[in-house]
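After this come two complexes, each holding subunit A, first together with subunit B and then together with subunit C.
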Partner chain A sequence: MSRRARTTKARPAGFTTVVVLRLYVAGGAPNSMLAIANLEAICAEHLKDGHKLEVVDVLQNPRRAMAEGVLVTPSLTKLSPQPVAQVVGNLSDKRRVLLALGLKPNVE
Partner chain B sequence: MSNEGGPVSARAAPVSAVLRRALGQLPNGGPERQAVEAGEIDAVIDYGSARVIAFPAARRALRDAARRTDAARQEAKLDAPVANRVLATLPRAEYQQLLPGLEPVTLKFGEVIHEPGAPIRHVYFPIDCVVCLLATTEGQRAVETGLVGYEGVVGIALALGVAASPVRTQVHVAGTALRLPAARFEVELQRCPQLQRELLRYACVKMAQARQTVACLIAHVFEQRLACWLLMTCDRSKSREVLLTQAYLANILHVRRESVTLASGSLQARKLIRYSRGRIAILSHKGLEAASCSCYSSIEALQHLA
Partner chain C sequence: MAKLSTGIEGFDQLSQGGLPRHRTSLIVGGPGAGKTVFALQCLVNAVQRQGAPGIFVAFEESPSQLAANGATFDWGLASLAARKLFFMDAHLSPTLVKSGDFDLVGMLAMLAAKKQEIGAQWIAFDGIDVLLTLLQDPVAEMRELYRLRDWLADNALTAIVTAKTESRSATAGHYGFLQFMVDCVVRLERRQEDRISVRTLQITKYRGSGYAEAEFPLSFGPSGIDVGATEPLTIGHKASPQRLSAGFDRLDAMLGGGVFRGSSTLITGVPGTAKTTLAGKFIEAACGRGERALFVSFDESAEQVMRNLSSVGIQLKAHVKAGLLRLYSARTEGVSAEEHLLKIRALVREWRPQCMAIDPLTAIAKSGAQGAARTVANRLIYMVKDLEISLMVTALSETDGPEGEATDLQISTIADTWIHLSYLVRGGERNRALTIVKSRGTSHSNQVRELILNASGPSLSDVYATGGEVLMGTLRWEKEAEESARKLRQRVQFDQKRRELEFAEASTNAQIKALQLEQERRRADLALYAGEDDLQTASSSQRESELRRRRGADPTETRAKKNGNGAAR
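Right, the complex of A and B next:
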């Protein structure tokens, strides 16, 4: 698995912007797998189908990660909408991920 | 997070010097350092060496995953039907032992595998290629004395204790074969009794076929011999078509080129084959069998010699 893109043309009503995300992982390493699972859960809950996620395996593609200034994996970058934001770690802190995505986390 | 510029200690200790150096490149007080402290990081990208340095836990997980994939691949390879008949007769345990040494190679048309008198470096188990056993006569002229395809082995002399090839072996239908280095083959021969039995049986079959070929050469007309030879070649390459020029055929069957033209023209007129620009296609296997001498069925029957 070097990269994986998921996109849908149909957007939910009232959702106008597609959030473009890129997740850098290190193959099937534990935190990377956890980050993918956490992110997929967050996207399913908060972004429904209005997002595009690309998973980049840095073990296959270290130069690409370097060109984009990635220091550690797992590392999530929100490319669109502006501003660009980054979250590092296994994304188990949902609140931090939602803030980076520009979504307001629900008060618990 | 206690660190001020120095290397960060990851939760999964111990940390190698390379990893420590890569961690030292992370900005102080940045989110990366916090994530490392929390044990949420798998790998650090070392910009100095352009390498991805994984943490020990991640490295272990990746190694285990790779091992699992390798084991699954090996299992799939074992379960795949063996396309060479000699290998297919081996019990699973013996084949499993042989498998790591077998290397798939693509053999090109005209490639000489063994020269007479030269040491045999590899033993070949053809999959879909056909190899010709040629006896050399005066000069560079070589005459076909046998064919080896997926049913046999090239380099059988090694199984009989002869290290040098007694014949020239040349590829005449390109394709794939599995090869085993001679040294490994000798070791495996001692270890695998079924392989030894099968190879001795095959050597006996080959000798009987060579005798039949000599008889055919003396007793039958060329057209019959050509039909027989085309059938044997197509059977071994598992195809209904071979790419061979008339000049090449005349050379290895030791006849004049005109004889090939006449015989193939006659077979073509009877709609048994189609011959154009070095491409021979068998149109009717049954018809060609009827046109060939009895040697075709005799030679094929010898293969099942037990």
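Right, the complex of A and C next:
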């Protein structure tokens, strides 16, 4: 699994900004697989307006990951909009992920 | 068990060679105990002494903080290339959010890549507890520790893992597993003792190796951690047969010719018994021989020491000017014994004295724990002996008897010569007495001497022991005066007696002479009488021969004449 970039085009209308995300994973490690699945679900549900997600496999790109300050895997970074936020873990706690990304979690 | 030297003074001795090669060692301890410095120092030493690159994974501090902290030691950390010692910034951002479980797979992959890149042989995980705490799950913690252990084993790295413990007993939970996982556990501790911070180091586990099990003092010196175990188990001081002056002639005479070079002399006594004076005299004698000397005084400035000593004829200033003598004064309040040891050791290494005095050594026990001060005193003496420096230390004793002497620091057993000074109060005077309690390898005097101080320096005087009492000072002077008067009287009496005897002899001789004269007179009388008799005989025989001649005599005349001559003699 190498670098993957999925971009959902933002709709031209509206004030919404494109959320740029980067997820660092460690190959097919269980937590990493889970994180990808969880993030995709969150994006599908909450970032319909448009987001940019890059998945970086640390096993394939260890130097880049180190240069970018990754510590543990899986690890999600929100690069834009500011402020930069970081979430570690398999993203199973959706509420915390949404809070970290600056999105209002739907009251459930 | 293959070991790698850590380069930490004392630790390699305790661990009999260093940390286990290609194994993991755990350093546990509370905040400020020195865990990070320990790990960092090991890695720096590995680079500088073995040329072995290392990776330092910092969970607690940023690399810039570490660099700043490391710069306080003389390691030249700033000049180390990143290819030799790589810092991985692993301190967690305060804004970091955790959502669900995570693992170290990615991090270990990054470290493996870095290891390949720089050829690292050492790795340190500083503050692994920070990361483990974030997992918030004991099972996950154990899982990741297993992962870490396997990774380390696969990568043939010599690893140091540090973890905080809150208190001495807080070793439960994951630390229990952590301790099981590693091959060597070193416990660092910092505690307060009498307002002084005391640090200790103890090896609590070392698979496949022997180690010193006791708790050892630890201190931070200019070169980083310094473990107080510098004295090897076996003592290998050289024993010089050369004698040195202990200060002045009479003391040397009491010691049977002075102290041995490279030996240590302990002077004990209550305040004011002239301990400093003896130490000063020893140093002055050393400088007088042209030897380099160091005088360490506590709680008294160098100027003050020199001024006070000059009042008893000990002049040190000239030797200081000549570059032979160095005086070092230190305050003791709030300074731990360990710090004093480090300072003195640095001084000794720099100055390289042949003779040294510490006055008073007991001052190091003023601040901090007694136990620490005791080991410091021992280590100090051993260090000085190892360097073959002749040492004289003074120790303040609380009581004026031999039983209370230097028991606080228990240094009397390792001192080669022990001189005790005491007071003797009698007849309204306080006089100083000097005794040699012991002096190894010398035939020393067992006598108590009076120590007299005057402007020309210290000297010793015999004391009078009369009727079980020791006399000193004025009493001794009185006794001396009395003694000399008695001697004078005795001499006069003797002279008189001699004269009497001479007179008796003379009179006897005179009597003999008189008797002889009497005898001669009697002999003369006798002779006179005999002469008269002869004369009479002669005259009668003459008359007879005359008669005979006249009557027509025969020749018997000549013989009778001869007989008459013999009798007259």
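Rule of thumb we're sticking to: the second predicted complex is superposed on the first by the 102 of 108 C-alpha atoms of A that agree within 3 Å, B and C clash if a C-alpha of one lies under 4 Å from a C-alpha of the other, contacts with A are read in each partner's own complex, and residues count from 1 in each chain.
The rule is simple: contacts are C-beta pairs under 8 Å (C-beta built on N, C-alpha and C of every residue); 3 or more make two chains touch, one makes a residue touch a chain.
What you see is a predicted model, and the numbers here were worked out from it, not measured in a lab.
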item	value
More subunit A residues in contact - subunit B or subunit C	C
Partner chain(s) touched by A:Val97 [first = subunit B, second = subunit C, both, neither]	second
Partner chain in contact with A:Val88 - subunit B first, subunit C second, else both or neither	both
First, second, both or neither for A:Gly27, with subunit B first and subunit C second	both
First (subunit B), second (subunit C), both or neither touched by A:Pro74	both
First, second, both or neither for A:Ala65, with subunit B first and subunit C second	both
Doubly contacted residues of subunit A, that is, touched by subunit B and again by subunit C	25-27, 29, 31-32, 58-59, 62-63, 65-66, 70-74, 86-90, 92
Of all residues in subunit A, those that touch subunit B in their complex	25-32, 58-59, 62-63, 65-66, 70-74, 86-90, 92
Residues of subunit C that touch subunit A when the two form their complex	88-90, 92-93, 95-107, 109-110, 112-114, 117, 131, 134
Residue numbers on subunit B that touch subunit A, as the complex places them	25-26, 31-32, 34-36, 38-45, 47, 50-52, 54, 57-58, 61-62, 65
Interfacial residue positions of subunit A with respect to subunit C in the complex	24-27, 29, 31-32, 34-35, 38, 58-59, 62-63, 65-66, 69-75, 83, 85-94, 96-97, 99-100
